[in-house]
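The next block holds one structure in the form of structure tokens; read it before the comments.
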Amino acid sequence: MSFAGARPIGRGKRNMDTYKTLREEAYEANLEIKRQCLAIYTWGNASSFDPEREVFAIKPSGIAYDMLKPESMMVVDLDGNIVEGSLNPSSDTKTHQVLYREFRGIRGITHTHSTYAVAWAQACRPVPVFGTTHADHCAMEIPCTEFMSPQAVKNNYELETGNLIVQTFKKGNLDPAHVNMVLVAGHGPFTWGSSAAQAVYNGAVLEETCKMALFTLALDPLAKPLPEHIIRKHWERKHGPDAYYGQR
Amino acid sequence: MSFAGARPIGRGKRNMDTYKTLREEAYEANLEIKRQCLAIYTWGNASSFDPEREVFAIKPSGIAYDMLKPESMMVVDLDGNIVEGSLNPSSDTKTHQVLYREFRGIRGITHTHSTYAVAWAQACRPVPVFGTTHADHCAMEIPCTEFMSPQAVKNNYELETGNLIVQTFKKGNLDPAHVNMVLVAGHGPFTWGSSAAQAVYNGAVLEETCKMALFTLALDPLAKPLPEHIIRKHWERKHGPDAYYGQR
Amino acid sequence: MSFAGARPIGRGKRNMDTYKTLREEAYEANLEIKRQCLAIYTWGNASSFDPEREVFAIKPSGIAYDMLKPESMMVVDLDGNIVEGSLNPSSDTKTHQVLYREFRGIRGITHTHSTYAVAWAQACRPVPVFGTTHADHCAMEIPCTEFMSPQAVKNNYELETGNLIVQTFKKGNLDPAHVNMVLVAGHGPFTWGSSAAQAVYNGAVLEETCKMALFTLALDPLAKPLPEHIIRKHWERKHGPDAYYGQR
Amino acid sequence: MSFAGARPIGRGKRNMDTYKTLREEAYEANLEIKRQCLAIYTWGNASSFDPEREVFAIKPSGIAYDMLKPESMMVVDLDGNIVEGSLNPSSDTKTHQVLYREFRGIRGITHTHSTYAVAWAQACRPVPVFGTTHADHCAMEIPCTEFMSPQAVKNNYELETGNLIVQTFKKGNLDPAHVNMVLVAGHGPFTWGSSAAQAVYNGAVLEETCKMALFTLALDPLAKPLPEHIIRKHWERKHGPDAYYGQR
């Protein structure tokens, strides 16, 4: 059925499959948002990044998780051009785009409106390291951005949301490889990681951490952060060069 | 099978089917109240409006969601006359009636006793726009009515509940096409929309918004609303003439 | 297989079936405690009363809901004698006994450790009528007993728990046919009603009411009760002689 | 198939089965952590102790509950040597080790990051006996340790966590057979009991107790503990020599 000179069948297949894994990773991560109860209806999105091709697969805008298929994921490049797919990508696509460009090394991003993380974002408070649950994942407080200026909102809101996050990290001298989460003031959480799955995981960690921190303040409005030596220890046993948590 | 002079078979069928879609929409919306955990037992009702016939289908009073069928929905006109069905309609029927009459253009209404919305209603506090979750759906605070006067309660409680909501909107110069939810002081939420399904959706949005707002105040009792330029942006990207959220 | 002079077969059957319905009602009510999430593990019990025989069927002590059968319900009389069954009845049996004896007309009782009702009981605060959700079921605040005296604890703790509830109602001039729930200070809720099923329903109503009331105070620590004319209206539309809620 | 001089087949089987029950108990307890919602992801571990062999079976580190099998449980002795299994045991293994050595008589241990217990640990507050739910299980406040010193952290963190708990009990003159739970400051709960299952049960009791206590303080920041005579009564009806709760 194939012969010399003919367009090889395999080629068509290969084209169709180019972003298959990327789309599947994004698809799975988006479903996990719902399974982890990090968003109701369509209030969250996840993307998966391919650093070689410099494209990412992301949820289409406003479509319920139950209606998604791997094929509905949109593939977008770092200039915001649609590479594959026929739907509107997430309205937050440009924020993802900026973060993939600026935070080199990350492979997945999640944005949700999870209840407790939003409460902290709406109160414009960074989340102190009150305990080891937090320190197991991040040795620093979770940063919260400032409000975006009217000019930036007018300019290009979603792209400027990315810029705002990047500026917050630059100003605070934060390493996105370490602090893999942020609260956008008045809005909600963005989290990222070494994969789309890891980004959603970090979203769930952030939500649980925010919930614990809120209840801690309910018990003691002047609660102090964990002593630095315990923070450091918990971080290092999971993430440092001498980490010994898990199977290695 | 039909011939001149005979009562066409189709007519009987047509009669039976006249409100079929309307009843099914109301039925589905009532089940969704339970699925979205907006009411326990029978503590919520939804209705679907047909603007041509000026009738709406509504839950019968005091019957558990699990026991409902599309056929149990009651069809009522805007004067409160029962057009179809043999049960007592929801005790809140007259409130729906007033809202359909006064808020032209709406096609569905939901009333629940969802926990956090009730807490705000019981505290008699309008819900400030603390974040983009709120602004995505409504660019203004969620209004809360005053308490109903003894005279109005005595006169016709459920009808006056409708009037109270309408007066609150008139006094505040609010557009029910924009602000599609209200808290009745000491009672709970009413929400509406372009369909019964949309009204329940707005009920779930309100509940989540109220939950986030309560936790925001727990973190900062003096929390300020989102700056106006961000409120405006979020509202417009979903609802304005230049909206770009979702698939269009 | 039966003949004149022999013990009629029917008699044995009748004996076996005497308390069948009563046991089944109690069994169903106990399962409903779990379904409504009013208790974890074995932390709640329900009973069903037969006013003609003056006996009630109650959960056996310390047995998980999943392990219960209708046959495991214990039948006890109003003097605390076991009439049928071979297990230890609930440790709270004497409290049920006192309430059935003193609150004539009730047919079912439920005791749970539901989270929010316990919080109010531990704070020793009666629950004000903050809204119509409360007033739909009870036109008065939910009473909270005082702490039991050392002498009463020593004498007969569970029986004195019943006495404490009865005294609280006498002192407050409360009608148990109207106020069908109470918080025992430092302990938790007891609810009752026209059947075991109704008693559990009232337990769920109380839990939801306590949750709403706690969040109301979180929003306004000085929140005032609903005006009396609205309380009265909501109570009467469900319970007064002119009640019109539900199917009649 | 077996003959004199050969290694008897039975021996191998016996070896394989030596810790079968122990591993199964630990496995079941770890699954129960998830069923009782005491930890998300891998944030909790349970172990089961064999006092004759002085070994315990414990969850492997960082493996999701859904992926566990009885065979994946690690068997460790009281010096921390791996007796059976090929994975890394829980990073908290040394804490379990110290507790089994020092708290003689206990047969199971659970550590989780359950939300409300962590909040109390992060606020560094022991949990007062606010009600009978607490007193039914423990007649004293739930202790909270101090923060670990930098030296102890550096020395051997997990082992010192065990030492910190033991010191807290010695300093407070507490009996671990009575007070079977503790909050490690800034970290979270450890609970133990007569079996691994009982240890998880105690973890769920602690979480519910912490939740109730937090809401009690929300209603009354100056809430007082239950009077001593009621605490004593509730403890004794379940645990004293004259206990009468449950089936005996």
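First chain written, first letter: the chains are A, B, C and D, and each begins at residue 1.
Going forward, contacts are C-beta pairs under 8 Å (C-beta built on N, C-alpha and C of every residue); 3 or more make two chains touch, one makes a residue touch a chain.
Because the structure is predicted, anything quoted here is derived from the model rather than measured.
The minimal number of chain-to-chain contact steps leading from chain B to chain D is 2. Taking shared numbers over all numbers used, the chain B to chain C interface scores under half, which places it in the different class.
Centroids built from CA atoms put chain C at 49 Å from chain A.
Chain A and chain B, compared by their mean Cα positions, are separated by 34 Å.
For chain D, residues touching at least two other chains, in rising order: 218.
Contacts between chains close into a ring here, every chain touching precisely two others. Contacting chain pairs (ordered by label): A-B, A-D, B-C, C-D. Those residues of chain D whose C-beta lies close enough to touch chain C in the complex are 130-133, 201, 204, 208, 211-213, 215-216, 218-220, 223, 226-227, 229-230, 233, 237, 244-248.
The part of chain B that touches chain C in the complex is made up of residues 40-41, 43, 60-63, 87-88, 91, 113, 115-116, 118-125, 147-148, 150, 153-154, 157, 186-188, 214, 217-218.
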